[in-house]
Amino acid sequence: MPRDELDVMSEIKRNYILQKIRKDGIRADGRKLDEMRKVVIQTNFIPRASGSAVVTLGRTKVVCGIKIEAGEPFPDTPNQGVLTTNVELLPMAFPTFEAGPPSEDSIEIARVVDRGIRESKMIDLQKLVVEPAKQVWIVFIDIDVIDYDGNLIDACTIAAVSALATAVVPASTIGQKDFPLPITCRPASVTMLKIDNVVVVDPDLEEEQIASARLTVTMAEDGHLKAMQKGEPGFFTLEEIQKAIKTSSDVGSQIRNNYPK
Amino acid sequence: MPRDELDVMSEIKRNYILQKIRKDGIRADGRKLDEMRKVVIQTNFIPRASGSAVVTLGRTKVVCGIKIEAGEPFPDTPNQGVLTTNVELLPMAFPTFEAGPPSEDSIEIARVVDRGIRESKMIDLQKLVVEPAKQVWIVFIDIDVIDYDGNLIDACTIAAVSALATAVVPASTIGQKDFPLPITCRPASVTMLKIDNVVVVDPDLEEEQIASARLTVTMAEDGHLKAMQKGEPGFFTLEEIQKAIKTSSDVGSQIRNNYPK
Amino acid sequence: MPRDELDVMSEIKRNYILQKIRKDGIRADGRKLDEMRKVVIQTNFIPRASGSAVVTLGRTKVVCGIKIEAGEPFPDTPNQGVLTTNVELLPMAFPTFEAGPPSEDSIEIARVVDRGIRESKMIDLQKLVVEPAKQVWIVFIDIDVIDYDGNLIDACTIAAVSALATAVVPASTIGQKDFPLPITCRPASVTMLKIDNVVVVDPDLEEEQIASARLTVTMAEDGHLKAMQKGEPGFFTLEEIQKAIKTSSDVGSQIRNNYPK
Amino acid sequence: MGTASDKKLFDENGLRLDGRSPGDLRPIRIETDVLNRADGSAFIEWGGNKIQVAVYGPREAYPRHMQNINQAFVRARYNMAAFSVDERKRPGPDRRSMEISKVISEALQAAVMVELFPRAQIDVFIEVLQADAGTRIAGLTASAVALAAAGVPMRDLVVGCTAGKVDGKVVLDLSKEEDNFGQADLPVAVMPKSGKVVLMQMDGDLSIDEFNEATSMIFKATERINQIQRDALKKNYASTAQDWGE
Amino acid sequence: MGTASDKKLFDENGLRLDGRSPGDLRPIRIETDVLNRADGSAFIEWGGNKIQVAVYGPREAYPRHMQNINQAFVRARYNMAAFSVDERKRPGPDRRSMEISKVISEALQAAVMVELFPRAQIDVFIEVLQADAGTRIAGLTASAVALAAAGVPMRDLVVGCTAGKVDGKVVLDLSKEEDNFGQADLPVAVMPKSGKVVLMQMDGDLSIDEFNEATSMIFKATERINQIQRDALKKNYASTAQDWGE
Amino acid sequence: MGTASDKKLFDENGLRLDGRSPGDLRPIRIETDVLNRADGSAFIEWGGNKIQVAVYGPREAYPRHMQNINQAFVRARYNMAAFSVDERKRPGPDRRSMEISKVISEALQAAVMVELFPRAQIDVFIEVLQADAGTRIAGLTASAVALAAAGVPMRDLVVGCTAGKVDGKVVLDLSKEEDNFGQADLPVAVMPKSGKVVLMQMDGDLSIDEFNEATSMIFKATERINQIQRDALKKNYASTAQDWGE
């Protein structure tokens, strides 16, 4: 994850955050260790898209637009639609984000978000076939990050799931009837950071700057693991991971309560 | 527009140009404010192309080649041919021009030239259909800038219009008879620069280096505006623009007299 | 060819190499002027490829894999298969090799290797047609350079010829019977360097760093020239070239003896 | 300009498809300081356009050889979100967006007091989230507000508006369908205090009279749009004052 | 994970298509110092995977602004040869290989004593010559050996292994077909002395119990793989000692 | 080399399709100083080839790390205009033009007194406006003239010419059709005073005897071409002298 502009945070601030977590089990902004920031979801923000959502997670803000277009399936999966996920870390979101081809960071975020949606089988891709091997529906998930204050993976997952859950397949463009995108479940990713030996949920940027390791766990309603991703150069013990899975199950349910019905 | 190599012109030269314009209403090279440099047009310079022209405008020199090839129309315009314009600012033309993907400057020039030709409907694209929605003629206008001394927009427009006016559609390649590219009019662009509070026509490089704003007006024989482009970080008053339109109408007629019949 | 990391070789070493060649007609590693380094060829190293070879030439090491896939012919050669050659100078092979688009060096190597194979008509491309103008076999020669100590052109030619000589066309993928890639001859390239006024065969990296000019001559069993390439900013006299052709004929036969039967 | 078509763009009362008279603007709403990280920001809705703008700077120009020892330069980057248009757009700049970035940069450069910040650059990022005709002019209008909200000293705001020709009539602020099937498009931006024109592009077919009618419509409209800009900034200053008061 | 299919992946005796039991590894062979130019190298065969790794560094980080005044950074570049997969792959990085490069870099960064080399970078080049499921884990396992062979000081080696779910059963070290038609894939890498997890990715469907079963299989397997790593390095040290003896 | 074909490339009198004998050159015309901005320039027509060359430098090499403290380097860039060939060519370098740029750069490097300009670079831009077989050799021949016209000190000019094999016969200076349907192509460039070979490429099929016949034809032709080069430069010097006289 990007560092702040000078790649330094003052020692004082760093110590303050660490001490607060160590001594009080409380974070710099007053949250408990396993407490998410406030989530606000506004769907249908881009009426011209097939589905859309603006999500703020604390001071992080992302816009997701779904486009669904008729096209060719992949040769090895003639009987299912196509899903593709792209995340743009717009330069407007942070001083060191640059325009240009996707960075390693944006690719990792997009791929973790994509895996959570794909592996949970949230979208019933089998129902997106117009004519096998010839024409299927291609679902483009595009996410613009416009304000960055930490935890993009979860903000982007929330935005993508919310936009998909309200999306409509524009079948009228090929002479059929529009229909809601067939959805089977609502996955939620929960990203945790290890700071010192403490694991916190939904980190903000300052926490990302002092953390050693990151773990994202994505589950669906069935309580099964659908995707995981450890990031950053630190480590987790197996016990920490097992505890994190438990936490993510609880926090994921809270997130799911926020999703549009 | 590119500056000279050191991005500076001597104060002395700058003052000389400014004073001459202010006091005498005459430019450094002796021209009147609304006087073009000498235009020389040589068509059919590249016999293997469908049409071509070498144009010198003062010491600026460009080569335009037209290629016309059978291909697919755009899906939203199945009943017309395709027009595309590209300008290469070759590194041979100026010390700071670089090889590589088109710069902002070359894109702006190409797009302004393209709009003049497209919006005047110089080429009758409806007559370039072989089979609707399947096969049409694609007109590639490619312009090599090989010597740069200011006012590329007009030099490129003159070259493109001259090359198009003498172009032949190679219909024999698809078993039909070659025919002259169907032409309806001859647009002329006139580019003016604001230096101090004076507007001059057909600027050379030294004038470009001290000017504050640029205005290009493209008209056809009917005296209507077909394309306009204000450039550079300065401004024009509405009165200046209205006067510039008048000037461009007069100067455009002179340019049109130079075009190949 | 790339220089060493600091683009300098010690004067002492340089002089040692030069003197040894001048006085004794012997090279720094004890080889005679027209003596190749040890060649080791291991074919079928990548069983999943259609053909493959690992070649060590002294301490230079390259891996060649052949992929043969059904595809469309070029429009102007509807009755023959397609051949394409690519060389990757992997960053693992040398400190200054960089990842990214192919460098001038890698393009030159690939094109010289390609010409030797193509012009000797080693592969009978006419026998690689499935259906004229519709479907032919495309032969991809891809070479990974993994360890670099000079003379990549010959190492890559040896690897490519060896891999092709043992390659199988996977016709079973389109419902026909697999068959050996039809081979008509076995070209050998011989690369020579001019150091001072002496020409040496199969240069190592240190020799490349002090040489003035390079010449590659590719011949097949018929003793005819199939491809030549002079490189580097030095020169050859015509007499030197004629002598080099003679040398390459002899050395080429030795190389050919090493090829897999 | 657009493709010829039989599409009727006026009703029997001379009103446009969306009910507007020839000289009417679409609804415009500007909000400032909607982002936390940027030095200044503005969000504009203009008809169906939804455009987010953020400003960073003045900051040291990078790379170094871009630095001008006399003044700052304004670098606008106009970008369309993949989902902003009917058919999904591949991310990244195309030739159209590069040209628009250039003319917007030049227009803003004229208004910012660049001489106060030698060697600096001021970045203006314009993200079109939903496109509905007139995005360059809407993005530029919002950019001026975002610059002011960032505290960048300016000679004046910059206000943009478009006029065009539809079915032979000159109309203000083209809608998407009018843009697609109209006969001329004239985007203009001015510094409203002085009426100085800092952006002007045109394509299509306009007689001189039509041009004069169009510019006169635009100049009148820019006064109204400028008021919306100033109201947005006032609301912002008000809330800032409130913050201080707490 | 893979496509649903009717493909049987176990025989009547509960053995896998290649004859392995659920907890069996494929054959693994590691050889060190197989390249002359690199500072260290290793070649690994793991099932049908053939992967060449080379290490350069520690060397001064370039470009300069990447230098960290406190420590070195490890930059792994995972790349697939054009001929390494069934259908010829266009040369150059794709999104998958960029993600893999990132997670491998991070895993190695944890093991190398980066604090000893401020301002430096350590490059690890991983070339997949033949791919057969589990390339990231095999490449990472070989990378740790190549770093050690290059004399780069490390807290511990890094050992990777994958478990997955096939026909509802948890199995170790997925084969290519199991990867294509399986239900879950869980690549993990640990520092074997401490059991610290430095890489973990997962996709598919695993219950918590299955996850625990899978990680327990992996942890046991990493001990065996670590022994193969150490044997490879010992052989290398042995031959070095021999060289000295001559 | 070209595709096999039944095309007849000689008439009953042993003359080629364009009426030339085997040892004849196509018409060649060179003009110097045709551009104003460049430090030197030349335009060459050679058969149907039309090629514009411009020289800039010696100037400080950029980027810095390219500078050689002992000598200048010559960087030729061979480029084909989009309209120069039968089917429109996409702008930008391809693999063929990159290889040609390299061998031309090396050939010119041998002739320029590069040791006089440490840390400098000399740029030679070659734009093929119309291509008609032998463009590399024609471009190189014109480049030498442009360098001389720019006042760059040279040991000697560089002269290029091609020979080839057509219907089994060795011929000089292949035409486009001979290039397409011939059996061998041998472009060579020499420094004419010394006969030193600075460029040689070959593809197709040539026996040793045919090679010797071809090179002997080329060497003879380069004398004639060199005369054309010198005449072009003389005309230029003459007109320069005239300018001074005025």
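Order of writing sets the chain letters: A, B, C, D, E and F. Residues in each chain are counted from 1.
What we mean here is this: a residue touches a chain if its C-beta (ideal position, glycine included) is under 8 Å from a C-beta of that chain, and two chains touch if they have at least 3 such contacts.
Please read all numbers here as calculations on a predicted model, not as lab measurements.
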| item | value |
| --- | --- |
| Partner chains that chain A and chain F have in common | none |
| Reaching chain F from chain C through chains that touch each other, fewest steps | 1 |
| Distance-maximising chain from chain F - centres being C-alpha averages | A |
| From chain B, the most remote chain by mean C-alpha position | E |
| Equivalent of C-F within the choices B-F, B-D or A-D, defined by over half of its residue contact pairs recurring | B-D |
| Between chain C and chain E, centroid-to-centroid distance (C-alpha), Å | 32 |
| Distance from chain E to chain A - Cα centre to Cα centre, in angstrom | 27 |
| Distance between the centres, which are taken as Cα means, of chain B and chain A, whole angstrom | 49 |
| Chain A residues counted as touching two or more neighbouring chains | 102 |
| Overlap residues in chain F, where contacts from two or more other chains coincide | none |
| Chain order, ring traversed from chain C with chain E following | C, E, A, D, B, F |
| Touching residues on chain C, where the partner in the complex is chain F | 76-77, 102, 104, 107-108, 110-111, 115, 118-119, 215, 223-238, 241-242, 245 |
| Touching residues (chain side chain F, partner chain C) in the complex | 1, 3, 95-96, 98-99, 101-103, 105-107, 109-110, 184, 186, 191, 195-208, 211-212, 215, 219 |
| Chain D-touching residues of chain A, taken from the complex the two chains share | 45-49, 52, 59, 61, 63, 65-67, 69, 86, 88, 90-95, 99-102, 140, 142, 144, 146-149 |
| Chain A-facing residues of chain D, complex | 35-38, 41, 48, 50, 52-54, 56, 59, 77, 79, 81-88, 91-93, 123, 125, 127, 129-130, 132 |
